[in-house]
Structures are given as structure tokens and as C-alpha cells.
Amino acid sequence: MKATEATLSLGTAPDPRGETRSPQALRVAVIGATGYAGGELIQILARHPGVRITRLMADIKKPLPAESVHPSLRGRGLPVCELPHPEDLAAPEVEAVFLATPHQAAHDMAPVFLERGLRVIDLSAAFRLKDASAYPCWYGFEHRAPGPLAEAVFGAPELYKEKIRRARLLANPGCYATSVILALVPILRAGWVNVERGIICDSKSGASGAGRTPSDKLHFPEVNESLRAYGLFNHRHVPEMLQLLGLAQKDFVFTPHLLPINRGILSTTYVRLSKSRTLEQVVGLYRDFYAAAPLVRVYDDGTLPEIQAVAHTNYFDVGFALEPATDRLIIISALDNLGKGAAGQAVQNMNLMYGFDEVTALI
Amino acid sequence: MKATEATLSLGTAPDPRGETRSPQALRVAVIGATGYAGGELIQILARHPGVRITRLMADIKKPLPAESVHPSLRGRGLPVCELPHPEDLAAPEVEAVFLATPHQAAHDMAPVFLERGLRVIDLSAAFRLKDASAYPCWYGFEHRAPGPLAEAVFGAPELYKEKIRRARLLANPGCYATSVILALVPILRAGWVNVERGIICDSKSGASGAGRTPSDKLHFPEVNESLRAYGLFNHRHVPEMLQLLGLAQKDFVFTPHLLPINRGILSTTYVRLSKSRTLEQVVGLYRDFYAAAPLVRVYDDGTLPEIQAVAHTNYFDVGFALEPATDRLIIISALDNLGKGAAGQAVQNMNLMYGFDEVTALI
Amino acid sequence: MKATEATLSLGTAPDPRGETRSPQALRVAVIGATGYAGGELIQILARHPGVRITRLMADIKKPLPAESVHPSLRGRGLPVCELPHPEDLAAPEVEAVFLATPHQAAHDMAPVFLERGLRVIDLSAAFRLKDASAYPCWYGFEHRAPGPLAEAVFGAPELYKEKIRRARLLANPGCYATSVILALVPILRAGWVNVERGIICDSKSGASGAGRTPSDKLHFPEVNESLRAYGLFNHRHVPEMLQLLGLAQKDFVFTPHLLPINRGILSTTYVRLSKSRTLEQVVGLYRDFYAAAPLVRVYDDGTLPEIQAVAHTNYFDVGFALEPATDRLIIISALDNLGKGAAGQAVQNMNLMYGFDEVTALI
Amino acid sequence: MKATEATLSLGTAPDPRGETRSPQALRVAVIGATGYAGGELIQILARHPGVRITRLMADIKKPLPAESVHPSLRGRGLPVCELPHPEDLAAPEVEAVFLATPHQAAHDMAPVFLERGLRVIDLSAAFRLKDASAYPCWYGFEHRAPGPLAEAVFGAPELYKEKIRRARLLANPGCYATSVILALVPILRAGWVNVERGIICDSKSGASGAGRTPSDKLHFPEVNESLRAYGLFNHRHVPEMLQLLGLAQKDFVFTPHLLPINRGILSTTYVRLSKSRTLEQVVGLYRDFYAAAPLVRVYDDGTLPEIQAVAHTNYFDVGFALEPATDRLIIISALDNLGKGAAGQAVQNMNLMYGFDEVTALI
């Protein structure tokens, strides 16, 4: 009998509807639950067989059901979303805290949780830049947590898997940064790029990347049927990219654009090779680099990533076009800004931190 | 150590990436793998812990990787999509066949599979209408499989759960039909509707419901920034609705519209109550009716379903507005035409047919 | 020589770029210039050969160029948009005032302008409802201008052309109301509708109809890829429709929906005929009724209006489907909510009030 | 009386609805009337006070009303769209022919019309490349009209106004090419660019630019909510750009992307200055260069062009960001691919060719 066998083979696996989750499930809280990244976190965590969401918090006026903000979460039996009271969170009710808050709020709360023995996965930029002096300029606040900042692990699982496993404070990368860093690290580390000729990254993002706060610029008719560039030569995600890629500002240009779609980033990155390589060599370099990366897909079949392939997934896709006569290489990378660019990567990091399979709940 | 516990608690659960699936997994084939419903089926089945996709087929010119049609499926280790050779499919390699083909192709293939002892889940309309004589008019072909037609079970799990468990041939409902039938069945069965005053269903669907074949009418600039009504007084999904709802054509109007979105149907249904009821009574009726239906969400909090709440989910949502002075009731129902309206419901039916938890891989 | 002839044939026609407009041009002001209807008004008036925009005002913090709000107006040589100072506007600098302001602001300003001898075209609802006592309930303010209210002419040029020519205060119809009123007036006046069987109007509008103020509900990702119904049984545009159509609330249902597009309304209206008519009779009735209406297009070729046909135009389109067996008629009507639904109709009214050709600057 | 004066001031100006156009109106034919550029041409020409459309033709199976393909043109009293019979067109019925056909069809027809004394405005690429040998490679046909090719004037009014006035055969620029050429010509001609460091143009276009023929790639759900790059290092519009800009292929990269919108192109172009300049100097250079160009808008107020500002207009917008430390300049340019990128520019050229004001019917 198929039914019995299949049911049995699931052993004590949690019921997908959540009422009967294993008592050993990892207990997590999400702060910033009403934003888009927060909603996506809840969505992913709610289907994770080894996790139980015990607390939801957000900067709201009064407690409200998570579903009143994220209607697709209706009926999932989630805890009510409360006002943020960091002092409320402690083991054993909560073991790990996801921060999907504004940067400064994360900066203020993370040290409190660390002291209390909780592990923190911070989706804001509060612990991404190693140079504390960069915060006033780029994020508008003074960084006052040098210890946590020094300790924080940059959460790019394809680059720092071992450190991530042991991290107490994880700085989850930005969505644009992920799309650029994973596109460039393999070829930069290999020394195949003539960096002095300049690297140009023209990036395009869906509107959920700009957050949930209503504004003139994100009002429906102002985004729909349009496209605009913004943050030219001064986007706040650049320091994060430079730090991780080991590039100087003079050699790197990053131009973001706002797309009239909900989810997805496509980055078109232009580099010059330091010596001639074939397309096969480039593809091979990336395939090798990402051989153990289950959420990276290297295109080797003559096609290119597009947003459609990654929207509503947690993958990072990368493909290439080469002009042999000029040694110009165009790298096309794509991800879902809420998936691999935010919540998906955060859960991938959590999976590593707690010994789950890296892709649980992510594919 | 959390990690160990959590990992252990998963027992012999299948690896989420699929390479190490249990040998007892249910082996399924998808025919019509290149369409939108086919792609969504593959997406859902690929994350189902008790299923293994062993064959993919479609009406194509030469075999091709599923990911070349559905780019989001890249890297999932799926079988190559072959040309349709029904005679190729047999146990033990295949136990259940999903048909996401055109109606006539399903009509031709299903009896072959049944004879061979395979169970069939047909997403086309080929076995939905009990009256064989309706096929030439509505679907343009003569129905020549009276036995299977008589045997086929209409796959609405909220209505026919027990029959579905035993079905050999399952006729999966249409997307529009599901959105209308589940919205009306509870109140019609209760006898609360004054049917003679007429029931009007004004329905709006995203473009993936119209299939994947390019045409003038579905060319991007012809759909985008527009809205159009079509099939007035003669949409082919009406017979399916009438049959199931037990309504006469004179009492029922269904008007579909094409929305400039990818996924989702919202139906606005207007009825007159046969006697005065309160909104609470109506909500209560539906809550009771769907008390055991894990994928139905009845809105009881003063809000109404919208497409955003159901897109990329497998839920059917329903809510109400009542004008007590006139006993007019408006029923707002919503679903994802590829989820609960097609592939999600097909997998829900499969779950029932094979003894899995009803919502496995669906929430 | 073609060039000379064609140039000559234009006589003293105003230069299309506006610098050399005839001194006899009608001098108009637009108050509420920063909203969507205000922007569309400016767009149309700026290409009107007989008009000069002399003042622009809006509820802003400091004066700003119109193009900073409506970027497509850049380079048109428009006056700077000032804060609203009604006392500033007077002949000869201004002869007619367009009010595209909130309802109460229009209510307050219009009488001032009338006293000063200016003619007023009010795009708000402040003077649409003949019953002053309806304002507190539907619009949240007490109506204190009974004289102007009594005098105001409802600006439906297809119905009240002669009154409009002489109007001093013109109440420009709402966008939804126009889409419903023009769809129903011919057949209601002819007595062909069995009103007691109920009239249901299911209407769908693009997001610009909801105005320019940012809000949760109109934030890009909340509208995009979704559809929602709102205002069930209590939309504020209903009184305007009932008043003009002479209907009782019990016989009429109006349900608006928010579409993920910028511009356009499509209304699907369901009526029962009082006696059997052919489709040709219905079409003939409308063709006759609108024979002298240059901006109404009656579909007589078996096709139906869709939003694409009217977006960025000033037309009202109407078409029909009839089910002879039941005498059910579906009326499909479409217009651009900023065109015939607001600014276009306002200029059409202005054209009539000042003796221009009715469609100048509108086709 | 305002009415009388305004009416009188229009002299013998053509009636806006077209029935009473002046007998001296320029008589034009549009071939390729069913495509998007053809439809936009008709739209613009129908409101041009000095033009009468006498013939419409397209590659269709049987004659049909233009409105059956372009529903927004309904009710404009246009000629029926016929099958293409070049031999049918002759003076005095037709004086100028617009070709909005495929490239090879234009190549075949234009010489016929020239011989017959008609002037031709060709929106295809058939006469854009001065080097006839480029056609087999880029456009797939042998060029057999060396005389017309030599004679053809490239229709960029901002660059070749005098030649255009006298042109018999006008090669209207491509939409991408216009967006790139007008963005770069001023600064390249001034010698301010260090060309050897490379020029990168990352361009994004709405879907109407890809034409009206349905295909997998342009099917609504394949474009909506996505973005993809295409034609990397080998787009057919590059030769046109190189020819006009006087650049070598090795120094220039052009990457087009398909946006999920109907209309508009935004190009982000990266150059290195040959010596340090201020932003004011750059803006001043462009303002001077385009001082006499009524359809070019140079942004000098710290904002940047976006598609919203140009969609449904005939303007070309250009703005800048400069990084003084590196002498990197980013040029943002925008236009409507059907407006200034096709039909609008074609009518602008016609206006020059026939002595109309350059912007008649275009603003």
C-alpha cells in the first residue's frame, strides 16, 4: 500500500499544517514582521519542518494578526504580531531572532539579544560594514556596538559557510549586494579581471526591494509603466559591495533602477578580462567555484538568466556573454530580492547555523 | 544541540533536493509538461516528499529539458521532457499520470492508461461533463469513452473527498469553475438563495489561465494596461458549473474578463437570499461547510479576499457583503488559477488518492 | 508648393508651442494642479488652440514647477504652480477656473469665484448631488452653498448640452458615474429595462482614479498583480448615479474593483429587458441616442469595448451582449478615468461653454 | 463674446474631426498600418491639421477597418486598410508614403514610389546603413537599391534638419538608435569623451518595440513581472549607432533589455571624460547643442529622465550624473519607442519636409 508506506517513511516529520510540530523544533522570532522581507521570512519559516515561529513583532500601533498585513498568510495559525519589546524575548521560548527592521533598530536590538544568549540573523545593514565610521555617512547613525560589529559574520553561504555555521550574529547581505557579489567573486578571486579598466554594474530591481512604506515615489501609478535610475554614484549598497569584493570605489560603478514589477533583481555587469579566455573557461570557473552551492545556478547552455526564472524562488542565477575580440565579458545575474536577496538567504544561513540541510524550505 | 535533534527528528524523510528520495515514493508522469499548468504541477510535485517524477511528456518537436520551457525549474534534476508516447508509460515506472494536455488529447489517452492499471488525474475538461453529448458543442469533439466518462470523479475535494480517495480517473475542475462552485455550493445546498431572481458571476482571471500558446489576443501589449470581457453568455466553463451547482442556464450568468496579471482569479457573485439572513449567519454557514477543508479560507473579519492573498498559493478564499434591506449578497471568491484552480487542486486530489496528508506540498 | 499652402491654410492659428497664442485665447486657471486629474487637465489645455493657462495652484508647501510633479509636462512653458489663493484669481487674467481639488475645498472656493464673475468647472463632487443633505453622510461635510448647488449644471454633454452652454457652475461627473450613466441612460429612458429585476454594475478601475496621495492600499506592490473589490453596497459614487438615472437604491448595485493598471474603467452592467428586443434594436437605440455625441462610440460590429481602446483617449465606448432566451442584456462600457471620466469631459464642457468645437483638443 | 472670437481666430483651420479638412491638406499613405508603429502614425497623422490620410495598407489577408486592429482609432473616419499594392499609389491621391513595414518590404517598395515622384518616409532599417554590404549579415537580404541608399537622408532632425527638408527618401532612425545617438552626439562631437576607455550603453525597452507578431517570447506571462537581456554583443541596431556616432565596434557596447511595459526606452550610458568637466559644463554643452531642438529636453535641475516623463509623448529627454573624482559620466536618456523612437520622429521629419511647424501634432 503506497499510502501507508509513504506516510510511514515520513516518520515523526512535522505535520505540514503545523499544529503538531515536533517539540524539538527550533523556536524563532521575527522582528519587523510587517515588512516585505518579514512577510517572506514568515512564509518560508512556516513551511520549514524543523522550525516553529513563536513570536512576531513589528513597529505597529497595536497588536494585529500577521495576516492583516500579509493576506496570503491567513489561516496559517501564526502568533499575533506584537509591538517590539526586545526584553520580552528569551530562551527557551525563542532561540534565534530574525531582524527585518530598519537599520538603526537592528543596531540597537542585536546586542541585547546576543547578551541574552540568543543567536541573531540580521537582515538590515547594521552589522554588514566592518568600518564603523561608514555608518553615519551611509546610514545616518553612529555605530555604538563595536564588539558585535567585529563579531558579525557576513552571511554569504557560498563564501563563508564554515564561519556561518558558528555565527552568533549573522549580517545577512543586501539584495543588490548579493546580486553583484556572487556575480563577481569567482572571476575577481581568480584574477581574471582587468580591474583598472573599470567594472560597471547596471542593476534593476522590483519595487518590493524599496520596502513597504508608502511614498510618492512608490505610489502605484508612479512606478507602473515606468523605469527610473536612482542613487547614481552614491547608492548605500556600494560600500558593502566594495568591502566584500576588495575593490576601490574608482574602479566600480553601480547604478540601480526601479522596475515596475514586484519581485526580482537583474544585474548586468560589464568587465574586461585581464587576458583572453573562452566562454567555456569562464563558465567552467563559475561551475567549479559554485560546485557545492545548491542555490546557485550557473548557465552553461547559451541562455541567460532572467527575472522570471528566479522570482518566487531562492536561487541565484548567473550567465555570461563574451566578446573575444575585445575581451569584454558581460555577466548577467538574477535573484528574487525577497528570496536569495533577503529572507531566503537568511533561512539558508539559519539552516547552516542549526545543522539543517542547507536548502530546507527553500526549494 | 538543536541541530542534531532537529535533524534526527526528520528521520528518514526525503532529502529536499530529491537525489535520495525514498524508493517507496509514488512514481508519477506529467503529460503536457510544457504548459503553464504542467509547469506548476512539476513545481509542486518536485517538492512533494512522497513523490518522484519519473517521466515528462509534451507535444513538442524533439525532447528538451523541462527547464528550457520553465526556467524556474532549472537545476531540479528533472527528467527530460519527451514527445508523448502513451504506450511508453506503465508500472512500475509510473503509477499515476497527470494529464495537462488539450481536452481531446486527454480524452484519447486516459482510457489507455486506465486499462493499463494506472490512475489518471486529468486537468483537462475531457471527463468533467457527465453528458457526453455536450462535448461536440462545447469542446469540438465527439466523446467516445462513455465508460471512463461515467466512472470519472469530479475532483472537488471539499465536496467529494471519499469518492476521490477511490478514484481511478479524476476529472480535475476548471479554474473558473472552482472559483464559482466553491463560492456557491454551501449557500445553494442550504437553500438560502432565491435562484429564480438570478445569479450573476462576474469573474476576472490572470493571463496564464488562457494557456501558453501565443496569439494576438495574448501578446503582451494587447493584455497589459487593459481589461476585456469575453465569452459573454457562451463560455465553455458554464456547463461544468451548471452541472455541479444543479442550476438551469436561465438562472445563471457567468462573464469572464482577462486581467493584465499572470496569476489569479477573483469572482464577484451576486445572489438574492430567499429569506433574510445576517452576515454572521452566512459566514457561519460557510465556516461550517468548510470546517474540514484545509485549503479553504472563509473571511469572517470584515475584510474581503483579493488576488494578492491567493496568488502563488493553493488556497480558495471566500468572503461576503450583505445588504440587509434588499437581501442581496455579494460573494467574493479568489484563487490562483494555476494553484487551487489547476495544479494545486490536482495534487490535493493525488494526496487524497494515495493517502498523503491532504495539503502535503501545498502550503 | 505644399509647404506654403498648408502653412497659409492655418491662417492665424496659434503656434502649437504656445509662445504666440492669440491674445483672444480663453484664459483659464487650474486649482488642484498637482493631482492626476489636474495634470491631465493641463496636458489637454496646453494643446488647446483657443486656451491659455494663466495660473496653476495646488495645496503644496511652496511654489514649484508643474513639471516637478508631472514630468511629462516639462518644457511646455507652463506657469509655476502656486499655493491656492482664491482671492488672487480675477478677470481679465482668468476667465474660467477648473477645480480639481478635494470636495470640500471646491465647495468653499466655487462660490467665491462665481461672485467674482468667473465661470467654474468643478471636477469634485461638491455640486453634483442636488440633495444638500446627502453631503455629510457621503462626503463628510455640511453643504453651505445652496444657491450654487441649485444652479450647478451636471456636466454630461450627451444629456445636457444646452444647459451646459449657459452654465456658470459646472459639476463635472465622476469617472465611475460617467461610465455607468452613459451606459444606462438610453435604455432606461426608453423604458426597455425591467428595473425591478435589478441592475447590477460590476466596475473595474485603474489606480489613477484613486488619486495621488500615497497610502498602504495604493503602494505599488499592493496593487500590482492583484485585484480587489471595495466599497461594496456603499460607494460614494452611487448617489450621483441614482440621482441621474432616476433609480431607487434597492434596484441598483454598484461594485467597484481596483485594477493593476494606470488608466481606464470598464463597467459590466447586467439588466433584464422589460420585453424581448433584438441586439440590433438595442444597438440602434444607442446609435440614435448618441447620434450627435462625437465622443461616444457605440459598438455595432460584434466586438466589445475594452480598456485598451479608450486609455489615453477622451472617448466613451459602449457595446452589448444579449441572451434572447432570458432577455438578459450585458452592457460593456469603457472610458479613461482621467479622460472622458474627468479632465477630458471637463474640457468638453468648457468647449461647449465657450463656443469651441466640442472636441477641440480631445481627439 | 469669447466663443465667437476664439472660433474666428481659427480661420480656415481644419475641423478636428477631419470631415472638412482643407483641400490643400497633404495627402499621405501608411503602409504597414497594422503594426504598432503604423497605428501610432495613424494616431498622430489623424490629428495633424495639415494632413489627410488617403490610403492605408498592410500585409493582411483581406481588407479590414483600421479600428479592428487599433481599437483606439475607432470612429475616426479612416480609410479601410487594404492589402499592399504599391502600384496603386500615385499623385494626386498620395503625395507622401510612410513605410512601417518589415525591412525587406520597404527595400522593395521605396524605389518604386521614388520613381513615381512620391516622397518616402521609411521607418524600417532598409535605407539606414550606408554600407550596402552590411544588409545580408544584419538584416538577411541583399540590398539591391544602391541609388536610393546613397540618396537616403538619415532622419535625425536635431542633426540633419536642412538635408531632411529636401529629402525624397527619408530613413527614419530606429528607436534604440535614437535613444543612444541623441544621448552621445553632443559630447562625442565636442571631443569630451575618452573613447578608448569604452562606452557602454545599457538600454531597456518596452514590449511594443518588439512589434506585433505574437511569439513565445512576447506572450503576456513571459514578459510580465520579468526582465531579460538579449542580443548581447550582436544587436542589429549597433551598426546604425556606430555609423552615426563614428565609433569603432571595439569601443562601444550596447545591451538591450525587454521591460514589462508597453512603451518607452531608457538608456543608461557610461562614458569616461577625456578631461575633467563639471556637471554644469556638460549640461551647458547639451543645452547649446539642442537649443533649436523643440522635442529635446535637457535636464538641468538635478533630476533625471524616466520613462514616465516621455511615454505617450514625442520628446527625447536627457540628463546626467558625474563623478568628478573619476571623470565618469552617466547619461540617462529616455523616449517613447513609438513616439520620438518611431512614428513621432517620422511625422517630425514630414513636418520639416513639407514646411509645417516642426512640432505640429506632436506636443
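In this document, chain identifiers A, B, C and D correspond to the written order of the chains, with residue numbering beginning at 1 in each.
Just so it is clear, a residue touches a chain if its C-beta (ideal position, glycine included) is under 8 Å from a C-beta of that chain, and two chains touch if they have at least 3 such contacts.
Since the structure is predicted, the reported quantities are computational estimates derived from the model, not experimental observations.
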Comparison of A-C and A-B by number of C-beta pairs in contact, larger one: A-B
Distance from the mean Cα position of chain C to that of chain A, given in whole angstrom: 46
Inter-centroid spacing, chain C versus chain B (mean Cα positions, whole Å): 41
Centre-to-centre distance between chain B and chain A (centres being mean Cα positions), rounded to whole Å: 33
Multi-partner residues of chain A (at least 2 other chains): 222, 224-225, 260-262, 306, 308, 311
Topology of the chain contact graph, where touching chains are joined (line, ring, star, complete, other): complete
Parts of chain A lying in touch with chain B, wherever the complex brings them together: 1-7, 9-17, 22, 24-26, 47, 49-50, 68, 71-72, 74-76, 95, 225, 294, 297, 301, 303, 306, 308-313, 315, 317, 354-357, 359-363
Touch list for chain D against partner chain A, complex: 197-198, 200, 202, 204, 206, 222, 224-230, 232-233, 250, 253, 255, 257, 259-264, 266, 268, 270, 272, 304, 306-308, 311, 321-323, 325-326, 328, 330, 332
Chain B residues within the chain D interface of the complex: 36, 206-208, 212, 214-216, 218-225, 260-262
